[in-house]
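First comes the structure, then the notes that go with it.
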Amino acid sequence: MREKATTLYIGPQHPGITGNMMVKVQVEGDTIVKARTEVGYLHRAFEKLQERRNWLQSFTLLCRFCVPEPDPVEESYARAVELLEGREVPERAKYIRVLMLELARIGSYMLWYGGQNGSLGLYTMGQWSVGDRNYILDLFEELTGGRVYHMYIWPGGVRRDLPEGFAEKVLRTMDYLEKRLKDYDDLMFDNTIFQKRTQGVGIISKEKAVEWGVVGPVLRGSGIKSDIRIDDPYEVYDKLDFIVPTHEGGDIWSRALVRRQEIRQSIRIIRQVIEQMPSGEYYNRIPNPHKWALPKGDAYARTEATRGEVGMYIVSDGGVHPRRIHFRGAAYVHGITLLEDLLIGENVADISAIMNSLGTCPPEIER
Amino acid sequence: MKEIKENIIQRIKANFADAAEKNDFKDNRVDFSVKKETIPSILFYLKDEMGFIHLSHISCVDWLEEGELEVVFIVWSPKDKIKVFVRTRLDRDNPVMDNVDMIWRQANTYEREMREMFGVQFTGLVAPEEFLLEDWQGPPPFRRDFDTAAYAEKTFWHRPGREDAQDVRETIANRDGEEIPDFAKKYSR
Amino acid sequence: METVLMDILGAVVTFLVAFVVGMTYGGLSRKITARVQNRKGPPWYQNFIDAFKLGFKKSAIHHGVMHHLGGAFLMVSSVMTLMIVPVLSHNNWFPNLNFQGDLIFLLYIMTFGPLGMALGAGQTGNPNSAIGVTRGLSQMVGFEIPWVLALVALMIQYHTTSITGLMAAQAHSGTWLMFSSPFAFIAAVMAMLGMFRYSPFDIVGAPTELASGPVSENGGKYLFVMMSSGSVFTFAKLTLYVDLFMGGADNLLILLVKTFALYLIPMLYGMTTPRYRTEQAVRWFWGWPSFFGLLAILQAVIF
Amino acid sequence: MMNDKNSQKIVDIIQNWARKHSIWVLAYGTGCGAIEIPPTMTSRYDAERLGVRGAATPRQADVLLITGYLTVKTMKRVIRVYEQMQDPKYVIGFGSCTINGGMYYDSYNTIKVLDKYLPVDVYINGCMPRPEAVLSGFAQLQKRIAEGRANGAQQYKDNLEWYRANQKKIIPNWIMPEYNW
Amino acid sequence: MEMIHIIFLIFLGGAVLTYFAGKVSKVLQDIFFLLSVLVPAYLFFANVGIGKEVTLTLGGITLVWGVNHFSWLFSLIVLGLGSMAAIYAIGYMKGKERKGYFYFNFILSIMAMMGILLSLDLVSFFVFWEIMTWSSYLMTVYNGHETQRIGIKYFVFSAIGAYAMLMAIVIVHHVAGSFMIGSMINFYPNMSLSLQIWIPILFLMAFGVKAALMPLHVWAPDAYSNAPMAYTSVFSGALSKMGIYGMVIVLVTMINQIPQGFWFREVIAWLGGITAVLGTLWAIKQDDAKKLLAYSSVAQLGYIIVGIAIGTELGMLAGLFLAVMHALFKGTLFMVTGAVEKQTGTTNFTEVTGLIRKMPWTFFAALFSIIALAGIPPLGGFVGKWMLYEALITSNHYLLVIVIFFSSTAAFLYCYKFLFGFFLGQEEKEWAHVKEAPVVMLVPMIIMSVLMFVLGTFPGLILKPINSGLVDLGYIDTFKHLWNTSIIFNAWGDHVVLQPILYYIIAIFVFFALFLTWKGHKTTRYVTTKDISSSGEVPAEDENLTFSVGFMQPFLRAVAPAMRRQIDKYYTGIADGLESLFEFMRRIYTGNGQTYAVYVIVFVVVVLLFKSVLF
């Protein structure tokens, strides 16, 4: 016997989905009564492949874990390896890493601007922000040679020093972005329709957020102050002055506001970093990668990405190949089961907006 | 930090006799090894009594040579700023352990993945059988005795030329009838 | 026989003009949108290329006879609207059906297409299409209220229900209706936002929500016919607004200026707004636009 | 007087011109290459000026952009989507992983050579290809369309059995409707 | 023996014969049934002259029957739809139980309706009114005991109306000294003011019940949806028109004679408007085709009431034209529902889906009826709707026109829901066995569809008898002033010329249909509804891809505040109140004939005793 509720396939081929995943929803009217996520469309078995490569080779695969923002993954891996090996990182490299991470954070949020507003039909915003994101990618390109995949933060420091005049360029870009952010606010946050569409939709209450282990801006959007940069400081974040914005409410709107304010904080951090950056070594050279064996043991390092906590758990058996590398994606917890729970009772029109506000990134779920 | 770590170790040792600790880490980390039967109770204790409310990670490592699978739980206490590793070993031939997704809801996803990738069975886990793979017929692919390269070689087409590192540009240029400039040819191996 | 041939000729010429103008407006809309979005944008004739490409598609599928004929239903609606609406105010243009139907008829023939199209979309069996249709019909009920309020205000002000009558009244009084009954104009323009289905009222297709809704199963020639119908409809509706509120147009150039000025309203508004949810859209139409419509009726009754 | 062949030729030229300048890309982010599609479509690179535009469903799309590696699970959906597209249709293989597996050459879950399973008209090399490369790929496709050489769909139709056998080899549970025109 | 008497005799005799013929042979029964509906119909139209009166004296009371232009128009509806439904019923009732019961009541209903139309005196009017109520009540409870409660609800309402009418008749006889309708009308302006107000109200209560006017419509959806569909098409299409018929007589011929009549008409018009809106909103909400059509009937009757209540020439034309159209399209739609019910066993939209390729002709009939119902040109519904709007606008009912327009636009929602629910959507395996309805059921539907199409372009065909009827009622001749064979005017002189419009529509439609068919016909192919672009996934067999539950939810959510306040509170409040009333009534209606007789006597005595106090 057929079920009464209608099955709608949101994804994998659907303009509203954030990446390549599927949400199978059952609707009555346009209210969702049941939702099931299906992932695995992007499963490439990175962690398996990394076991066949040596410690440095597996590094090239890392940035593919999450394409919108690969740097926190590199950072986690680099720190995990350093932790396991006990390798020191020069002070300058730490600052450069922070600069890199914050630039990546802004870039990722710019992309999120596009996704969030695209899901609500405000395409102009996406065009602006994704277009402006290119300026950040230009900085990356100049620094690392790659627009998307940087492979820059690696064990022992960073791959190369800042080029001449790079700091000024960064500051100039930041000034430009600050100017643009005002336009974005006018177009997006001051828009009553945007407010109507986002306020009170996709609510994650405080209790629910804790219960489901939500992390990152989603958790902060539910009013819980939690940020690894503050809680478990890495690199030089403890020397920098910034605040962690939170918002009560737990709806799409609060999460959007949190992200919006975090961009501002990131710009602030970047300015401080450039101001405080010491000179000196940027790289504590590793030995010949083909002979580079890590001591037996395991390590876990985590980093705050735009979607929350990303962690890297590495296990070494004392050889030149990793025994196991296991990546903890930020969206791993809220992208699957929480989404299923969250969508029930919501409107079909809001599926895409909710997914975007969660910052679900399928490749880091499936790896 | 040191006192906090000592305190944690003492409380755990007092309550769980089989917990073997390890505390020689430079960072804010404490490590316990327990029997697999103790896992739910120790995790409950950590969460409810000691404030380790955040489950950071669950991982599984295949120790093929020792015939064991190791499951590692990493929990984090926002209050104490300490991460605690709880690890246990399972028999590789019959890896069964208790389901912990009633302690942390997100554990469900990790367990689904472990079930699929390592063949670890969690008693009482309610979730669809398939997670990342579809219609997978081989052994659990993340176990170390599964050779992915051989499998890929057997299953998929491979474009020739990879083994001798031939430049694909040449192939494509030939097909499209393009001229490859001389200086460019120099660089193609 | 001669008159029949003239009728056919008139219909064809009017149709072609509407097609070309509507398509061009579509292209210009894309171009202007692109400029607002910091882009160069496609050429103004991009919509023609798109339409012809769709027409040249080699294969097409349909899910049954209603789906197959959905485009024809849509065309009836748009072309009939075009035929009823006087394109130019003096008789130097083909009269087509200008004097044979009035505003109430127009209101109903305009709903013929969406309903036929909805039937076609329904037969595809795609749930997205069906949801899109329910959204579209709901939205239609929404914007028809201010639209009808505005029209009724006009009708009772000038004691005529025919477009030609209203145009004659404007010519007689010398002022455009948008000035003599401004509330009706405001209500009608607000209803127009819904009619043109630009953001925030693009809830029917809504790619990120419904994967384009009712047209999700239409490709090739079916989409071509729908696109053409949309262009013709755009022109017909704009001309109707010009006839009703802006005193019509004496020649094609003035018509283009006036219609394009009107067309800019939904287009520019749409660029800066996200999309409403269906019930929000419907309620919006029953809020301020209907209030202005009631004011218009009040004005018409009192003065 | 033109004979049939010449008039057909002229029609072909017009058709190909229209097809060339109106490329509707199916919005399907199959792999990680999808990250460079938004920049390609938005303000700096603006693919819309070439007539490239997103299409929501396969029925309306002309080009299937395979943005990177295809896992077996995605492969199944891609085949289905490709077969739902209307003639003429083109496939662009995007990134090294579609050409020879790229860095996933030894992965058990991704296909290595796309053109064994779907007829690829244009490959774009790189990992990841920059937006400029994507645009040049589109330009290449346009060139091939204009010359009438982008006939992958015909190739697929003619050699359906071969493609089908390859597809079925990697997809164990084949429950898809058959491709029957 | 006059022809009218013969007709009634055939009806009566036919009913009895049909009932007993079932004991002999089913086929014989069918034949008798058909004959006893079709023969009187033929005889009536062929041999009964307009304006002729016949009398029959029974027990000292003279019953006067006759036909004028106005009642002839309604006879057309009754006998036309009755004949069609009779043919349809042969197919519909095939293989069903209690055929004799059904046929008997069917014929009696037709006879009673004809009796009402032909009665010129109030006694026979009341008697036939009661027969109509009884026979339709028996039909409502045809499906057995579960429907008993619904039947009682219907009957209680009818009884309230009937007693109100009886009271009015007694009063009229008392003051006017005659049972003749004509003398009542003539005497009306001379009555006292309180009587001038009370008598129409009492009559309107009776007629309002049958016409499902707003506070009295509660019975209609249940009764319509529970009677057998073959009868419901008559029930909704023709029987409800008896209320309209009575209303026209009361509103036009009586109330118009006094200055206070304006307020009467306004109130009735607004009631009609509200009925239309509420009926539409509730129809949108229904998941069952019968219920949907039933609420839709309530709404459509609202339009008709609005038309006749505003009382201008155009309004009357609109109302009566809509009445004819309503008989056509609603009759067809109930027949369609019956056909679907017969073939699939259910009328629930959430179960039936995708029948278009199984039942193409039924779909065709449904499509035409829906287009007519929605008022979309070029079908007949448009003409009625157009005239209604123009009548409202030209008679300064500005707000009412908005109310009606809202209801009419919202009607698209349920129109689409009806077509989509049955015929469109996924074609499911469970309905793969469904066949097209039998020819005998199809023919009436097709005939009526064609009629709707013809009337859409040549409304003059039916406007002519309407006009004659209106002239009989004292209106001026509106030919060439408000209508022509295929041109309709409003009071301001604006017009719609239907004929060229039809040609244009056909030309455009055919052109593009041919274009779509011819272009690339070799490479265009049909694919099943399973092969849809479901985001790349292949839906499993048991997935439901038809969107059927909560179909118009976005709209309903938008109107939810209105629905909650007005309907939940007032409507169900009234309904709940009535529920308790039914309980009380149930105790009164003991089923014992003697008790009823006592009631009637007590009632009459009370009225006679207190008449001076009451009035």
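Chains here go by letter, A, B, C, D and E, matching the order in which they are written, and residues are numbered from 1 within each.
We adopt the following convention: a residue touches a chain if its C-beta (ideal position, glycine included) is under 8 Å from a C-beta of that chain, and two chains touch if they have at least 3 such contacts.
This one's a predicted model, so the numbers in the text were calculated from it and none came from an experiment.
Colleague: Which chains are in contact with both chain B and chain D?
Modeller: For chain B paired with chain D, the chains in contact with each are A, in label order.
Colleague: Which one of the chains is farthest from chain C, going by Cα centres?
Modeller: Max centre-to-centre separation from chain C belongs to B.
Colleague: Counting C-beta pairs in contact, does A-E beat A-B or the other way around?
Modeller: Result of the comparison of A-E and A-B: A-B.
Colleague: Could you name the chain whose Cα mean is nearest to the mean of all protein Cα atoms here?
Modeller: Of all chains shown, the one whose C-alpha centroid lies nearest the global centroid is C.
Colleague: Among the chains, which one keeps its Cα centre farthest from the Cα centre of chain D?
Modeller: E
Colleague: Roughly how far is chain C from chain E, centre to centre by C-alpha average, rounded to an integer in Å?
Modeller: 35
Colleague: Roughly how many whole angstrom separate the Cα centroids of chain B and chain E?
Modeller: Roughly 71 Å separates the two chain centres.
Colleague: What whole-Å value do you get for the distance between chain B and chain C if each is reduced to the mean of its CA atoms?
Modeller: Distance between chain centres, rounded to whole Å: 58 Å.
Colleague: Centre to centre, by mean C-alpha position, how many angstrom separate chain A and chain D?
Modeller: 30
Colleague: Which residues belonging to chain B are in contact with no fewer than two other chains?
Modeller: 133-134, 141, 146, 148-149
Colleague: Listing for chain D: what residues touch at least two other chains?
Modeller: 27-28, 42-43, 54, 56-59, 73, 76-77, 81, 87, 106-110, 181 - these are the residues of chain D that touch more than one other chain.
Colleague: By residue number and range, which residues of chain A touch two or more other chains?
Modeller: 6-7, 12-15, 27, 30, 40, 43, 45, 48-49, 52, 127-128, 131
Colleague: Name the touching chain pairs, would you?
Modeller: Applying the touch rule to all chain pairs gives A-B, A-C, A-D, A-E, B-D, C-D, C-E, D-E.
Colleague: Which chain D residues qualify as touching chain A in the complex?
Modeller: Interface residues on the chain D side: 26-32, 34-36, 38-39, 42-44, 54, 56, 58, 69, 71, 73-74, 77, 81, 103-104, 106-110, 127-128, 130.
Colleague: Along chain B, where are the residues that touch chain A in the complex?
Modeller: Its residues touching chain A are 26-29, 53-57, 59-62, 72, 74, 76, 78, 81, 83, 85, 104-106, 108-110, 128, 130-134, 141-142, 144, 146, 148-149.
Colleague: Applying the document's contact rule, which stretches of chain A touch chain E when the two form their complex?
Modeller: These residues of chain A touch chain E: 2-7, 9-14, 22, 24, 27-31.
Colleague: Considering only the defined contacts, which chain E positions touch chain A in the complex?
Modeller: That would be residues 350, 428, 430, 533-537, 539, 542-554, 556 of chain E.
Colleague: Help me check something: in the complex, which residues belonging to chain D touch chain C?
Modeller: 14-15, 18-19, 21-22, 24, 27, 42-43, 46, 48-49, 51, 53-54, 56-57, 59-62, 85-88, 181
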